[in-house]
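A quick write-up on the structure given underneath.
Chain lettering (A, B, C and D) follows the sequence in which the chains are written, and residue indices restart at 1 in each chain.
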Amino acid sequence: MGQQYLDTGWLGVAVTATIVAFILFNIYRARGGKELFIRRIPGLTAIDEAVGRATEMGKPVVMVPGLGDGTVNAKSLQALNIFSYVSRVAAKFATPIIVCCSNASLFALAQEVIRDVYQQEGVLDRYDMDSVRFISDRQFAFAAGVSGLVLRQQAAAAFLMGEFYAESLIMAETANSVGAIQVASSTETTQTPFFIAACDYVLIGDEFYAASAYLAKQPVLVGSLIGQDWGKAFLGFCVLVGTLVSSVQLLGSTTQEFKEGKMNTIPERIMKKSDTFFSRMLNPDPDPKIEITREKYPADQLPTPAPKETIK
Amino acid sequence: MDYTFIKMTLGVLATVGLYSVLYRENKFYRFWEHVFLGLASGWALVILWTETLKSTWWDKMLGATNNSGQASVMGYWAYAALLPIGMMGYFVFSKKHNWISRIPIGIILGMYSGQQIQVWWNRFGPQIDNSIKPILPTSTASFFKPGTSGLAPDAVAKINSTVYPSQAITNIIFVVTLLSVMSYFLFSFDIKSKMLKNTTTLGRWLLMIGFGAIFGSTVMMRFTLLIDRMYFIWIEWFKMLVLRQPG
Amino acid sequence: MADATTPEMSLGEKLQALPKWSLYVVLVILTSVPLFAKLEVPNKPVEASIDFYGKIMAVPDGSRILVGSDWTNSTRGESKGEMKVLLRILMRKNVKFAFYCFDPQAPQVVRDTIREVNAERIARQEKPYRPFDDYVSLGYFPNAEGTCNAINNNLLAAFSGKKDTPENSGPKDVFESPVFAGVKSVKDFQLLALITASSTNTVTLERIKKIPLLFMVTGVMVPENQNYYASNQIVGLAGGLKGVYDLEQLMEHGINNPGPEMIPSSKWGVVPGFKGALNSGMGTAYYPTLHFALLLLIVAILTGNVGMFLAKKQAKKGAA
Amino acid sequence: MIHFYSMMADVDPKSFWNGTNNSPELIAMIAITTILGFIVLGFLMVAPIQLRKYVIAAVTFLSGLFYVAFYLFPVPVGRKPQDVPANIVESVGFWISDTQPVVANFSNIIGGFLLGLGIYSQLHLHIRRITRQQTDWGFSVVLIVSMVAIVICGYGDWIMRQGPKGSELQLQSKWGLLNYGSDLLFDGLLQQMDAAMFSMVAFYILSAAYRAFRARSLEATILLIAALIVVLSLMGALEYVWNGGINNLAQNDANSFIQNFRLTDIAKWLKDTIQTPAIRGIDFGVGIGLLAMGLRLWLSLETTGGNQ
C-alpha cells in the first residue's frame, strides 16, 4: 500500500474521482445534444449593455483578465473566454478594445484568441495588434499602468475579471471616476466586497465560472457546469449526513479507540469527535512504524563525496 | 548631500507623484507612472536570468560543484528541451504558424490543471471534516457553556468536550449557513420550488455578512499600509533625515 | 462624478456629496499626526494569535524550524512587523531556521529585517544571529506550487544546489550549514512558519502536509485563513497589524501568566513572556494611529447614510 | 561530517536522467536534446493542419498526466536513502517522486522564456509612439530610458556580486557606480513606488465606503452592519471600554453569561459562525469550478476563446 493512501486514505481519491466522474458524465450528456437547463445569471446582460454604451460614446472597452501567478492559469483563461465574447460583440460594432495583460504567457494567448475572434467575425482588418497589451508583470506597476490607461482613454466600460488582489479597488475606483460601466468578478473571495462596493455588476464566487458557460453556450461548458452542481450538491449532502450521524453518535459512549492503524479496546468513556465514523474516515491515522527494507545502490553509482576539509 | 538622502528623497517624490492622481490625472503622475512601468519591466528582465533561469534552469541543467570542485549536484539534461519549447511561443506573431505558440502554453496549462486535481482534496478534505459539527446537545445541565476561569484543568477539559444547547444552536447556524450559501451557487436547478428559492435568498444574506466581515478586516490592512507610508515620509524622511532628529 | 457641491443642494444631498479630496486630506492628517505622539492602547489578543504564540514557544530551544517568507516592501507595514516578532522569539529561544521565498525581492527584505533585529540585540549586549551558522537563506523559488510539492515530497532535492554566503567567505552549499545537520526530510523541522502577503498561503497548505503550519498573513487574508485555522489546517495565525500587536503584548505578558495584565486562555497552561526584553515594535507604533483612520471611515459611512435619510425625508416632504 | 555525504547521495543517485557537472556525456546529452528540440520544431512548422489540434491536446494531456500520476500513483512506503526499488510498481513510484522536483520549475522556466513577448509588445507600442511623435511620446522615452537603465545597472551589479570580490559588496563603502545605480533604481524607486501604489488603496477604500456603503436595501444594510461590527472590534481601545462595561454589568464575575456579549466575543461569534462557513461555501464552489476547468483544459475538452 502506498504512503499517499496511508496519509490521505482512499477517501480523498474516491471523492475527487466521484466529482470528476460527475463532470465528465454531464459533459458527455451535453455533447450528446441533450438540452440542459442553466439558470440566468444576473449581471450578464450588463455585458452587452456595457459594450453598447461604449459603442454609442465611441470610447474603448477595457478588459483586464486579472493578475495570475507569473504564468497563465485556468482563472485568466476563464476570463479570456468571457472576453472573447465581449470582443466578438465589440468587433461587430467596431468598438475599440484594450486588453491589459499582466504576464507574457497570458499576453501571447490573449493576442491569439482575440485575433481569432476578429478573424471569425471576418473583420481582421479592424484588429489592432496593440489592442492587446502587456502592461507589467509587477502587481502595482500593472495597477498604475491600467489606471493611467483608463483615465487617459476615458474608457466607457471596464471588465475586471479573474484573479484580482489588492489592485482590484485601485482599478475599480479609477474606472468609476471616469464614469465607466463596470462588470467585475474576482476568484479571490477577499476582493469581492470591494467590487460589490465600487462596481455596477459583480459576479460572485463561481458565477464567474458559470458565466462563460452561459455566454458561449458550448455544450461542454454547460455540461461541466451541471457536473459541478452535482459535485456541490454531493458535498452538501455529505456534510448534512455527516452532521446528523456524528451528532447522534456523540450522544453515546465508546469502549474502542482507533490509534496509529490499530483499534484498541479502552475503558468505557463518552464519545469524542475523533471516535465518530466520519471523523475516522476523514482522518486516517496510519501506523507510523511501517518499515520496508530494500537493497541499496552500490556506492560507485553515487556522486563522489566532497573531501572532509571543505565541510565545516 | 549623502546618498541615503538622495535615495529617500527620490522615494518621497515618487510617492507624492503617484498620490497626485488621487486629485486628477496629471503630467507629474504620468511621468512617474512611466518610470514605474519601465523599471518594472527592466527589473523583470534582470531577475529573469539572475533569479529564475540561472538557478532553476541553467544550474540544474549543468549540475553544480562545491568549493573543492567536486560534484555536489547532478545536472539534468532534460532541461535543455525547454529552450526550443520556449521559443515556440514566439510564433504567436506569425500569420502562418501562430498555432505553434499554443504548445508552450499547453504545457503550462497542462501542469496547472494536473495540480488542480492533485491538490483538491488536500485543501477541501479537512474543511469538510471541520464542517461536520454536533448539532445535538450532549448535556442540558446549562443552556450556555459555563465559564471556565479558575477551574481545574480536567474540569475545563470536560466542559470543553461537552456540547451545550447554545453551542448546538451555533453549530446548526454554521451548517445552515454553509449549505444555504452553497445552494446559492447551484446554477442548473430551476428556482421554482419555494424552498430552494428561500434558501438561496438566505444564502445571499449570509454571504453579505461574510463580505461585511471581510471588508472590516481588510480595512485594517489598507490603513496600516497608508500609516506605514506616512511613517516613511514623516518620521524616516522628514524627522530623521531632514530635521536630523532621532526617531 | 458626485464631486461638485452646488449651493442650492439640501443638507442631505450635501452630506452625500462631500468632495473626495476633502476626505483624502483628512485621512492623511489623521494617519500622520498621531505618529508623532507616543500613545498606548489596551488590547485583548484573539485566540488565533494566542495559539500562534503558544505553538512557537512550544518549539524546543536550540531546535530548528522552516520559515517561508513571501512579502516585500509593498506590505512592509504589516509583514515586517510580523517578521520582526517571529525573529525576536526565534533568536531568544536560539531556534535555528532556514528561510525560502516565493518572491524575488523577499530574500533581501528578510536579510535587512534580520540585520535590524541583530542591531537591537547587539545594542542590548545579546549575541547576534550569524548567517549560515544560525540561519540559512535558501533564496528565491520561482514556482511556489512545484516547490511546495517538492519540499513535502523530497526536501533535499527541493533545496539542492542552493548556496548561501557566510560572514567573510564565499558562497557555500546550504547543506554544509549546521542548520541542515542531519536533516533528511521536512519532518526534521519542528514546524513551518509562513509570513505571506500573497496566495502562497493556500499553495502551501494544499501541498505541505507533513509538519504543522503557522501563518502570519496580512489583514486582507485574515478571513480566508480564519477558515483554515478553524479546520486545523494551520495551528496558529497572526493576522495583520492586530496580530502583530497581539503578539507583541503576548511577548510582554505571556499566556496565563499571573499578574495585573494576565492574558487568559483555557487552551494553554502558563506560557512565559519575555518581560523586560524589547517587545514593543511596529504593532505598538502603528496600532494607536489605526484607531483614528478607522474612526474616520466610520464617520464617513455614517455621514453618507445620514445624508441619504435626510434627502429621503426631503423628497417625501416635496411629494406631500 | 557524515550526514553531508549521505545527504548528497539522497539528493541524486546517478541515473539515466542526470550526469556529473561538466562531464562530456552530460554536455553531449544537452547538445543532443537541444538539437532534437529544434528539429521537432522544424517538423511542427510543416505539420499538416488537421494534426495541429492533436499535437496541442497531447502535449497538454501529458504535462497534466504527470501531476495526476504524482497524486494517484502509490508512493512507496518508508523509502530510505539509496534504496533500490523492489519491483516495477516501486520503480515507477520512485521515478515519479524523484522527477517531481525536476518538473517543478518547468512552467516558470517556459514562462520565463516567454517574457520577451511581453517586453516586445511594450517596446513595439512605445517606440512607434516615439517615431510617430504621437501624444505623450516624451513619456514613452522616459519608460524606455528607465527600462534600459535598470537592466544595465541590475546586470552589472549582479555580475560584480557573482565575481571574486562579491562578498565585499556587502559593505556600501566598496560600491561602484553600477551598484549605487541598481540600489537606487530598485530599492530607492521601484520598491517605494510599489508601497506607494499599494497604500493608495486606503484612499480608495475610504471613498468607496463613503459612496457605496448606504443602507439602501436589506442586503446592503446587512453588509454595512457586519462590516461596522468587525471594524469596531479591531479598535482595541473601544473594545476595552465596551468589555469593561460588560464586565461591570456582570459584577466582575468572569463566568457570568453576560460576558458573552463582550465586543470581542460578538465579533468572534460572527467570524466563526457566519463568516467562516460563508467563505467556505464560496470556496467549495470555486474549488470545484477550478477542478472542472482544470479537467477541461487537461483533456482539451473546450476550445479556448469560446469559438462559435
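Just so we're on the same page, contacts are C-beta pairs under 8 Å (C-beta built on N, C-alpha and C of every residue); 3 or more make two chains touch, one makes a residue touch a chain.
Being a predicted model, the structure only gives us computed values, none of them experimental.
K.L.:
Name, by label, each chain that touches both members of the pair chain B and chain D.
P.N.:
A, C
K.L.:
Select the chain whose centre, defined as the mean of its C-alpha atoms, is least distant from the mean of all protein C-alpha atoms.
P.N.:
That would be chain B.
K.L.:
Which two chains have the most contacts between them?
P.N.:
Here the largest contact count links B-D.
K.L.:
Taking each chain's centre as the mean of its CA atoms, which one is farthest from the centre of chain D?
P.N.:
Max centre-to-centre separation from chain D belongs to C.
K.L.:
Measuring centre to centre with CA averages, how many angstrom lie between chain C and chain D?
P.N.:
19
K.L.:
Could you grab the centroid distance between chain A and chain D? Build each centroid from C-alpha atoms only and quote it in angstrom.
P.N.:
Centre separation, chain A to chain D: 14 Å.
K.L.:
What's the distance between the Cα centroids of chain B and chain C, rounded to whole Å?
P.N.:
That gives a centre separation of 13 Å.
K.L.:
Among all residues of chain B, which ones touch two or more of the remaining chains?
P.N.:
Only 18, 22, 30, 33, 36-37, 39-41, 43-44, 47, 52, 56, 60, 63-64, 66-67, 71-74, 89, 92, 102, 104, 108-109, 112-113, 115-118, 120, 122-124, 126-127, 129, 131, 148-149, 175, 178-179, 182, 185, 207, 210-215, 217-220, 222-223, 225-226, 228-229 qualify.
K.L.:
Send over the residues of chain D in touch with two or more other chains.
P.N.:
Residues 1, 4, 8, 11-12, 14, 20, 70-71, 103, 105-112, 114-119, 122, 136, 192-195, 197-203, 205, 207, 209, 211, 213, 223-224, 227-228, 231, 234, 271-272, 275-276, 279-280, 282-285, 290-291, 293-295, 297 of chain D each touch two or more of the other chains.
K.L.:
Touching two or more other chains, which residues of chain A qualify?
P.N.:
In chain A, the residues touching two or more other chains are 13, 16, 19-20, 70-72, 74, 77, 105, 108-109, 111, 129, 137-141, 144, 152, 166, 189-190, 193-194, 196-197, 204-206, 210, 225, 232, 235, 303, 305-306, 310-311.
K.L.:
Considering the complex alone, what residue numbers of chain D touch chain C?
P.N.:
1, 3-4, 7-8, 10-12, 70, 81, 97-98, 100-101, 103-109, 112, 166-167, 170, 191-192, 194-195, 197-199, 202-203, 205-207, 209-211, 213-216, 224, 228, 231-232, 234-240, 243, 264, 268, 271-272, 275-276, 279-280, 283
K.L.:
Inside the complex, what are the residues of chain B that reach chain D?
P.N.:
For this pair, the touching residues of chain B are 3, 6-8, 10-11, 14-15, 18-19, 22, 30-50, 52-53, 56-57, 60-65, 71-90, 92, 97, 99-100, 102-104, 106-118, 120, 123-124, 127, 131, 144, 146-150, 170, 173-175, 177-182, 184-185, 203-220, 222-223, 225-226, 228-229, 232.
K.L.:
List the residues on chain B that touch chain C in their complex, please.
P.N.:
My answer: residues 22-23, 47, 51-52, 55-56, 59-60, 63-64, 66-67, 72-73, 112, 115, 118-119, 122-123, 126-127, 129-131, 148-149, 153, 156, 160, 210, 213-214, 217-231, 233-235, 239.
K.L.:
If we count contacts the way the header does, which residues on chain A are in touch with chain D in the complex?
P.N.:
By the definition above, chain A touches chain D via 1-6, 13, 16, 19-20, 23-24, 27, 70-72, 74-75, 77-78, 80-82, 84-85, 88, 101, 103-105, 107-109, 111, 113-114, 116-117, 120, 129-130, 132-134, 137-141, 143-144, 152, 166-167, 169-170, 172-173, 187, 189, 193-194, 196-198, 204-206, 208-210, 212, 215-216, 218, 220-221, 224-225, 227-228, 231-232, 235, 290-292, 294-297, 301-303, 305-306, 308, 311.
K.L.:
Using the touch definition up top, name the residues of chain A that touch chain C in the complex.
P.N.:
Its residues touching chain C are 7, 69-70, 139-140, 165-166, 177, 179, 188-190, 310-312.
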